[in-house]
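Step one of this worksheet: look at the structure below.
Labels run A, B, C and D following the written order; every chain starts at residue 1.
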Amino acid sequence: MFNIALFGVGRIGRIHGQNIHDHAQTNVYSIIDPYKAGREELAKKYNAKIQTVEEAMQDPNIDAICICSATDTHVNFIEMASQHGKAIFCEKPIDLDLAKVRQCLKVVEDNDTTLFIAFNRRYDTHFNELKTRLNNQAIGQIESLIITSRDPAAPPAEYAKTSGGMYRDMTIHDFDMVRYLMNAEPTTITAYGSCMVNPEIGEAGDIDTSVVVLTFASGAFATINNSRRSGYGYDQRIEVHGSQGLLTASNITENSVKQFGDQGAIESNPEYFFLQRYAEAYKNEWNHFVEVLGGAESRSPGIDGERALALADAALVSLTTNKTVVL
Amino acid sequence: MFNIALFGVGRIGRIHGQNIHDHAQTNVYSIIDPYKAGREELAKKYNAKIQTVEEAMQDPNIDAICICSATDTHVNFIEMASQHGKAIFCEKPIDLDLAKVRQCLKVVEDNDTTLFIAFNRRYDTHFNELKTRLNNQAIGQIESLIITSRDPAAPPAEYAKTSGGMYRDMTIHDFDMVRYLMNAEPTTITAYGSCMVNPEIGEAGDIDTSVVVLTFASGAFATINNSRRSGYGYDQRIEVHGSQGLLTASNITENSVKQFGDQGAIESNPEYFFLQRYAEAYKNEWNHFVEVLGGAESRSPGIDGERALALADAALVSLTTNKTVVL
Amino acid sequence: MFNIALFGVGRIGRIHGQNIHDHAQTNVYSIIDPYKAGREELAKKYNAKIQTVEEAMQDPNIDAICICSATDTHVNFIEMASQHGKAIFCEKPIDLDLAKVRQCLKVVEDNDTTLFIAFNRRYDTHFNELKTRLNNQAIGQIESLIITSRDPAAPPAEYAKTSGGMYRDMTIHDFDMVRYLMNAEPTTITAYGSCMVNPEIGEAGDIDTSVVVLTFASGAFATINNSRRSGYGYDQRIEVHGSQGLLTASNITENSVKQFGDQGAIESNPEYFFLQRYAEAYKNEWNHFVEVLGGAESRSPGIDGERALALADAALVSLTTNKTVVL
Amino acid sequence: MFNIALFGVGRIGRIHGQNIHDHAQTNVYSIIDPYKAGREELAKKYNAKIQTVEEAMQDPNIDAICICSATDTHVNFIEMASQHGKAIFCEKPIDLDLAKVRQCLKVVEDNDTTLFIAFNRRYDTHFNELKTRLNNQAIGQIESLIITSRDPAAPPAEYAKTSGGMYRDMTIHDFDMVRYLMNAEPTTITAYGSCMVNPEIGEAGDIDTSVVVLTFASGAFATINNSRRSGYGYDQRIEVHGSQGLLTASNITENSVKQFGDQGAIESNPEYFFLQRYAEAYKNEWNHFVEVLGGAESRSPGIDGERALALADAALVSLTTNKTVVL
């Protein structure tokens, strides 16, 4: 049994908390959060201690920490945990500043710490089936990858300021999937963005609609289609064209009921957002982290967090200069 | 080039007329119909003669007749054409009276006449693909066949009186498909019917909703689901379960557009009715009839018309006696 | 927190055990099973007591029992628990003998006991969405219900002898769904059965392939298509035709990946069997039972178990007499 | 009845020839082709004259010419026909040289000639349904258009030399669809191309795999995904994301049969190539041309041919300079 300290009791912290609790080999040992009511609620629910950051870091009973706190706390918590010999499960991103991320990963490397970046889509059953088939050459050599990722509804414009912008906050998942599925690093990136959903997002200096094209040494391409608002749920699709055919992973619908009548045949929309769509992925992710605690090789180590952020930064350069960035 | 005399210029007569015209080896030679305006319109359109029944039967230039006239004229036209050595393409049914049908087929047999029953579904591309796979043992031995056939909207109640009732008029196509796909004759038939669409149909002595179950010596079953009104277009589906899997032929939709929004994901309904759904089947059917004129073996000879009607009659006995009929 | 005694640690007992454990308001209090290794494993896993039947029945700490033991123990456990004032969650069937079931339900009624029959499909998200829409008159009045239920692979022939036969063991779920969805009791039932999957099943006196037709006073029909072996996973579909359209609930596939190539476009099959297909339904079912413990009205009380068994018995009469049974 | 002179009896000429013949208001009046056997075959089939180019141009009985000859003859035939007062139906492209196209359109304009560019996709039932809904604001304002167009198999490398390259030969259809669906002219274009299908195509100076991104003043984007070889038939899909939802037009499959078994659920692939996929579009196109002959406004006048070629040229500049081209 691994004792886990849970940092952060927000929406995503609660998901991981439940999965930590449900897993036969892990245990919510303690809760750390500046928000009193929240930490007390979860501590009670899981019969866990309430600790300060320092207490948790120094508690020899704790095997690993699960970081679900605000983005600007991640680097600090990672470095502290690394120095105290604890394994780390960290929600993306490590940080919005690439230099800080690199510095942080240096600490992690120096201490030989397990740092697991929670890129949830890597643990989705459907995308992994697709990945497995790519690895098995089911469609030969990859020629074109198209990722569609549209959120159901745009966040408040103020969010744009703290989130690091759409590329660092939202597209970063797609950048990671590009790297994961292509099994190669892109050679160029070109970003096209506009503000079509909410003008206030534009006034805040961000975009809400985007296309990004990445090219690879093999001659292959990857395209990412993003919008902050779909109008029909969370649109999460992947399409890979290869030398011998096509693989697609389509959306998961809310239910399988179809209604035929005067107005046509109506199916349910894609599951509404990440909490629904990736509920199983979060479980798989935690299962894998426990395997990593047990010695298995991580499928999303810290370097993946750095690389995805580097692509987000390059996309932003391309967007603001209207030029292709050579990587 | 085969010269064809077209009997009947109603809805179905016009479809066959166009296909006769379009086919490189056939020609609308003459039009026979008591309705003056209609026969003149088509004669002009196809540059064809207008003839009486007797003229057509005796005209040595005519190779075959295409019977699209009222049901109660079919037997007479078939027998006359048979006696005059003409090949016959006949819309279903041969007649509503099984004894008359048998007598008529005797005449056809005695004269060694080509009699082709226009069971359009046998010539549908999709159902034929399914049939081909059944023949190729794609799913092993057939265990269960389910045919769904629902018209888009019920005919007027008066139609029930002249049509011979739902089993002889509508389900007869399904009875034929059961025989065609099972490649065997059923051993029992049980019919369940009710009047749920339009009470006037019930008052006219007919039903509008039905389930029919047929059993086979092999242990297999066939089920036919019928309604005179679907509410969503023409529902024409087939499902066959076999010892090694399942084959389905689904509906053909009006178009491939799908719209996602607040209300869900909406596709277009199945094509509205037989004129749309089987437009290609009618072409294929005529193409095959021309092959038969050229010496090929018919895929829907007169006997198929008799057998399907016999099943309709047996279904009616079952319905009125509330008992299974052993065939 | 409700303390639950779990009777039976087989496949289905383990599913319910985990759901009892995961639910915030229930707790696996004790394990009862004649199989020593199994009961010890689960007792350890959930930190639960090991009890005899009598100990559990007399333990005042126990609020409810969860019966997942062999079918022939159900009635005894239900009656004992009823007499000891415990709520009961019971896997179907109550018993294979209708008289015993009725006697048992009398005891339950006399003691005013909560008896919850675990008809899992009533708690499936997809089927419930369909049910909700039927209730909301989304397609008007129901005219035809078609349930397709095919297991992935046939059980051993010996199973036929102890299971009560296909209708009491497998189709009983479909009988329950017919009642649940039609919201009415059928007036007649006719069963057609054969042995096409495994001759040994026939030699054991059972069937493995079946069609059952039920009629209703409204004029509506319900058809159940069953096979003990599909060849492509667990086929669980529902289709309801009504006066204003059609509702379908299709299979849930193993994943959303589709592969296009030389051989066509391949999707994954339906989820393999009930453990996968109804994993979420089992959770929902337990959630609802906890609500019932809290005072909510049960959506599957004991009477539903009786009625479904009565239909299975009537189907068997129909099958063996080759006649429609009036209910 | 309009008399049509058919220029060219190749694959596409035969399609239009048949449609001209089948249309109630048009007639294959004469055939013009340097290939003797071909012109004689079609002349016989349609009971048409054989003419030289000059004879056809000067024949006062001819209302319109249908140009299906080699690309490098188009401009000459258009100009001649324009000067002789004949309406023109011309297969794309007008020419591979934009300057020549513009000069040609000048002649057409000066003579006030009807010039109809046969962009077949504009006449596809499915794409037009999508277009109609866009016009009706079914999904609000367009934000992102994604066109996928993959041929089933690459042409011989020599073809690259005469065809004008992938952008002018193949993508030109997609450029036209972008303009047609967006109902606006793009402001920038960026092309990414590589040679992944056949190295000989690269050696001939062409590409076989490409992504093109076009931006619009509204902030919207259009992306075109192309490959000269799909491995699974002709991939022709359109997806439009708007402010209120999504519209997709999916592929049309060869048939509606689906087979479930050990290997999964297999559907048929998309129809193989343009002859199958757009057979109906070619009919619709000719129907519309006849309406234009009758005075209706053309939905694909000469200017559309010029604009699509200009985009192809700009794409080529972008490809060779690795830069975005401002239009």
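Things worth noting here:
Everything that follows uses one rule, which is that a contact is a pair of C-beta atoms (placed from the backbone, for glycine too) under 8 Å apart; a residue touches a chain by one contact, two chains touch by 3 or more.
What you are looking at is a predicted structure, and each value in this text was computed from that prediction instead of being measured.
With chains reduced to the mean position of their C-alpha atoms, the one farthest from chain C is D. Between the CA-based centres of chain C and chain D the separation comes to 57 Å, rounded to the whole angstrom. Centre to centre, using the average C-alpha position, chain B and chain C are separated by 42 Å. Centre-to-centre, using mean CA coordinates, chain A is 39 Å away from chain C. Shown for chain A are the residues in touch with two or more other chains, namely 139, 230-232, 244-246, 260-262, 268.
Arrangement of the chains shown, judged by which pairs touch: all-to-all, with no pair of chains left without contact.
Every residue of chain C that touches chain D in the complex is listed here, in rising order: 230-233, 253, 260-269. Across the complex, chain B meets chain C through its residues 139-141, 143-144, 146, 150, 190, 192, 194-197, 209, 211, 213, 215, 218-221, 223, 225, 227, 229-232, 235, 241-246, 322-324. Contacts from chain D toward chain B in the complex involve residues 22, 24, 45, 125-126, 129-130, 133, 138-139, 244-252, 255-262, 268.
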